[in-house]
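So, here's a batch of structures to check.
Presented sequentially are two complexes of chain A, the first with chain B as partner and the second with chain C.
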Partner chain A sequence: MAQHAAHKNRTLIAAIGDEDTVTGLLLAGIGDVNAQQQANFLVVEAKTTQEQIEDTFLAFTKRPDVAIVLINQHIAESIRGILDEYDAAFPTVLEIPSKDHPYDPEKDSVLKRVQLLFGD
Partner chain B sequence: VAYITGDIGYQVRENAKRATFKVAAKQENVSGVLLPAFEAEVRAGAGQFELTGLGRGGQQVQRARTAYVAAVAMLVELASLQTAFVILDEIIKVTNRRVNAIEYVIIPRIENTIAHINSELDEQDREEFYRLKKIQSKKKERAARAQKEIDESARRAIADGNLHQAVGGDTPAARDLLAEQADEDVIF
Partner chain C sequence: MDAHGEACQEADSSLLALLDCLAEYQGARASSGALLRQGFFDLAVARRSAGYRWISPGRHHGNARCTASVAIDGHSGDIRLVRSGSGHAPDTAARVADDHDQGVRRRRHQHASDNEGSDGAASQLPPEESECAPADPDDPLLWFGVLVPPALRDAQGRFRAALDQLVRLAQLKAQLAQRRQQAHRAIEAARA
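And then the complex of A and B:
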């Protein structure tokens, strides 16, 4: 797997979430802006379009230095189609709850795959 | 909702320049599968947010920061497990396909070849057996005929009154018991 050679360089944790989630994560220190002025985080507000979220998600997953992508579950819901299609090992996509939306394991793409595996 | 400390969110976002919380990847070999695992790495430069909110409710901000650091550490562990799962899932599928291919394609083919080879060997065995039996019977026939001729010529000689010839002094076929019997092959 060619990915394994490259994954040693994956060190960043990217984040797509609402304002509070992203602020908190940035406080923890995951925020990074590289030389091309690309940030590894996106704050999703009311005026953020679906397309922007999709594009950012795809951009994060294509970056070679991103190891984990954290995404609020209610935002993950809006791009559920792309998430369900995503099955690469790197970067790992984790769905996290937000202040207003508690975590629902029924909706998690990865857990759905777990069920598929245990179902057969 | 308005907070006394103002919108530190904006401040935090603008100040995020280089990541101080990173992950280091390492490989682990689990029953033949190379699984990656993430380890949280917190750099010493974590002081970038120490002054955030200073003088304006900073203690709560620091508490929030500690909580988030712990949360992210746990998330890193979860991410390791999730990656391991995704990779194992893929490998299980591939292995299942291989098992099915071997079980339903390769093994029947080889079994057919074995059966074919066995039947060929049996047939050759039968042919060989038949051949040997044939040779045996032919030899017996020949020996019986030769014996008949010798008896015939001996009888003629006796009828002619030539006893010496009857006993086989001149006959090319030697009436030597040992020489006759030495020829037979041992056939099962």
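And then the complex of A and C:
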């Protein structure tokens, strides 16, 4: 219970996605820029490097006010190593489909862990 | 029932609870995916009418605070979506839009309201005053202008619904992790 109480200040939903995904999520109201001018979203374009994505992901996971990190699954594939090492409860990382890349359940880390339990 | 039997029963119960949670997770995945697909389609329709560059993350107001956030329960760890929105008096831009719209509608209904007295009908509020709700000044739609394509409003509705499902997914993911651990411990105890 103490660990849940420590996460009460986590209220933001961060997003790392392509332009369509981030536009839609901003329309839904998740967009936030704090007093240090740090936005809680990153638009991944063709010129965005893997290092930028990794740095942004790590920054979001270290922020004390972020509760959920939404990331397009095809972008998550580019930083799969870091994602697989990440096992904290909060912020929760959720992979979501994009317009051009439908969701692939075979790459869902949640389902993979359940399959391991059944010995698959 | 001996201890081994009880351990096996416990393991079965844990596995069934895990599978129930998994089914719920997959259902939430499917519904969120469908809502996102529809939202992407509406966004594409909106861009076709308003212009591609007009509808982009670059329109985000630099100092905007989020209107959709989450609240984590300190005891149970449950996650729920919280929407903030004043719903109070609209800001200037929205007020101008409302006045403009009401003016247009008043002209159409002015004849009807003039006849109310002669008909002896009870006076009623003009329909537009009862239907027109004050615009939310924090609504992200306002970043894209006062008159936005209807498809953009539809897209906002889809993405809002998808966000509800995604927050539920986050909740279910945490529950799945917990039940997986419980099932693992129960299976190990049954094997012992």
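Following the convention adopted for this analysis, the second predicted complex is superposed on the first by the 116 of 120 C-alpha atoms of A that agree within 3 Å, B and C clash if a C-alpha of one lies under 4 Å from a C-alpha of the other, contacts with A are read in each partner's own complex, and residues count from 1 in each chain.
Keep this in mind: a contact is a pair of C-beta atoms (placed from the backbone, for glycine too) under 8 Å apart; a residue touches a chain by one contact, two chains touch by 3 or more.
These numbers were taken from a predicted model, which means no experiment stands behind them.
Participant: Could you check whether chain B and chain C clash or fit when both are placed on chain A?
Facilitator: clash
Participant: So, A:A67: does it touch chain B (first), chain C (second), both, or neither?
Facilitator: both
Participant: Just to be sure I read the superposition right, which of the two partners does A:P97 touch: chain B = first, chain C = second, or both, or neither?
Facilitator: So A:P97 only meets chain C here.
Participant: Is A:P105 in contact with chain B, with chain C, with both, or with neither (first, second, both, neither)?
Facilitator: It touches chain C, and chain B stays clear.
Participant: Any idea whether chain B or chain C touches more of chain A?
Facilitator: It is C that touches the greater number of chain A residues.
Participant: Considering only touches as defined above, state whether A:G81 meets chain B (first), chain C (second), both or neither.
Facilitator: Neither partner.
Participant: So which bit of chain B gets in the way of chain C here: 25-33, 133-141 or 151-159?
Facilitator: That would be 25-33, the only stretch with clashing C-alpha atoms.
Participant: Overlap the chain B and chain C contact sets on chain A and report the shared residues.
Facilitator: Overlap of chain B and chain C footprints on chain A: residues 4, 7-8, 10-13, 19-20, 22-33, 39-41, 43, 67-68, 70, 89-90, 92, 94, 96, 110, 113-114, 117.
Participant: Quick one: in the complex, what on chain C touches chain A?
Facilitator: Residues 18, 22, 25-26, 29, 32-33, 36-37, 39-40, 43-44, 55-57, 60, 62-77, 79, 82-83, 138, 140-141, 152, 155-156, 158-160, 162-163, 166-167, 169-170, 173-174, 176-177, 180, 183-184, 187 of chain C touch chain A in their complex.
Participant: Please output the residues of chain B touching chain A within their complex, sorted ascending.
Facilitator: Touch list, chain B to chain A: 8-9, 12-13, 16-25, 27, 34, 36, 38, 41-43, 46, 48-49, 52, 61, 64-65, 67-69, 71-72, 75-76, 78-80, 82-83, 85-87, 89-90, 92.
Participant: Which residues of chain A touch chain B once you look at their complex with the stated criterion?
Facilitator: Within the complex, chain A contacts chain B at residues 4, 7-8, 10-13, 19-20, 22-33, 39-41, 43, 67-68, 70, 87-90, 92, 94, 96, 110, 113-114, 117.
Participant: Tell me, which parts of chain A touch chain C in their complex?
Facilitator: 1, 3-5, 7-8, 10-13, 19-33, 39-41, 43, 67-68, 70, 89-90, 92, 94, 96-99, 102-103, 105, 108, 110-111, 113-114, 117
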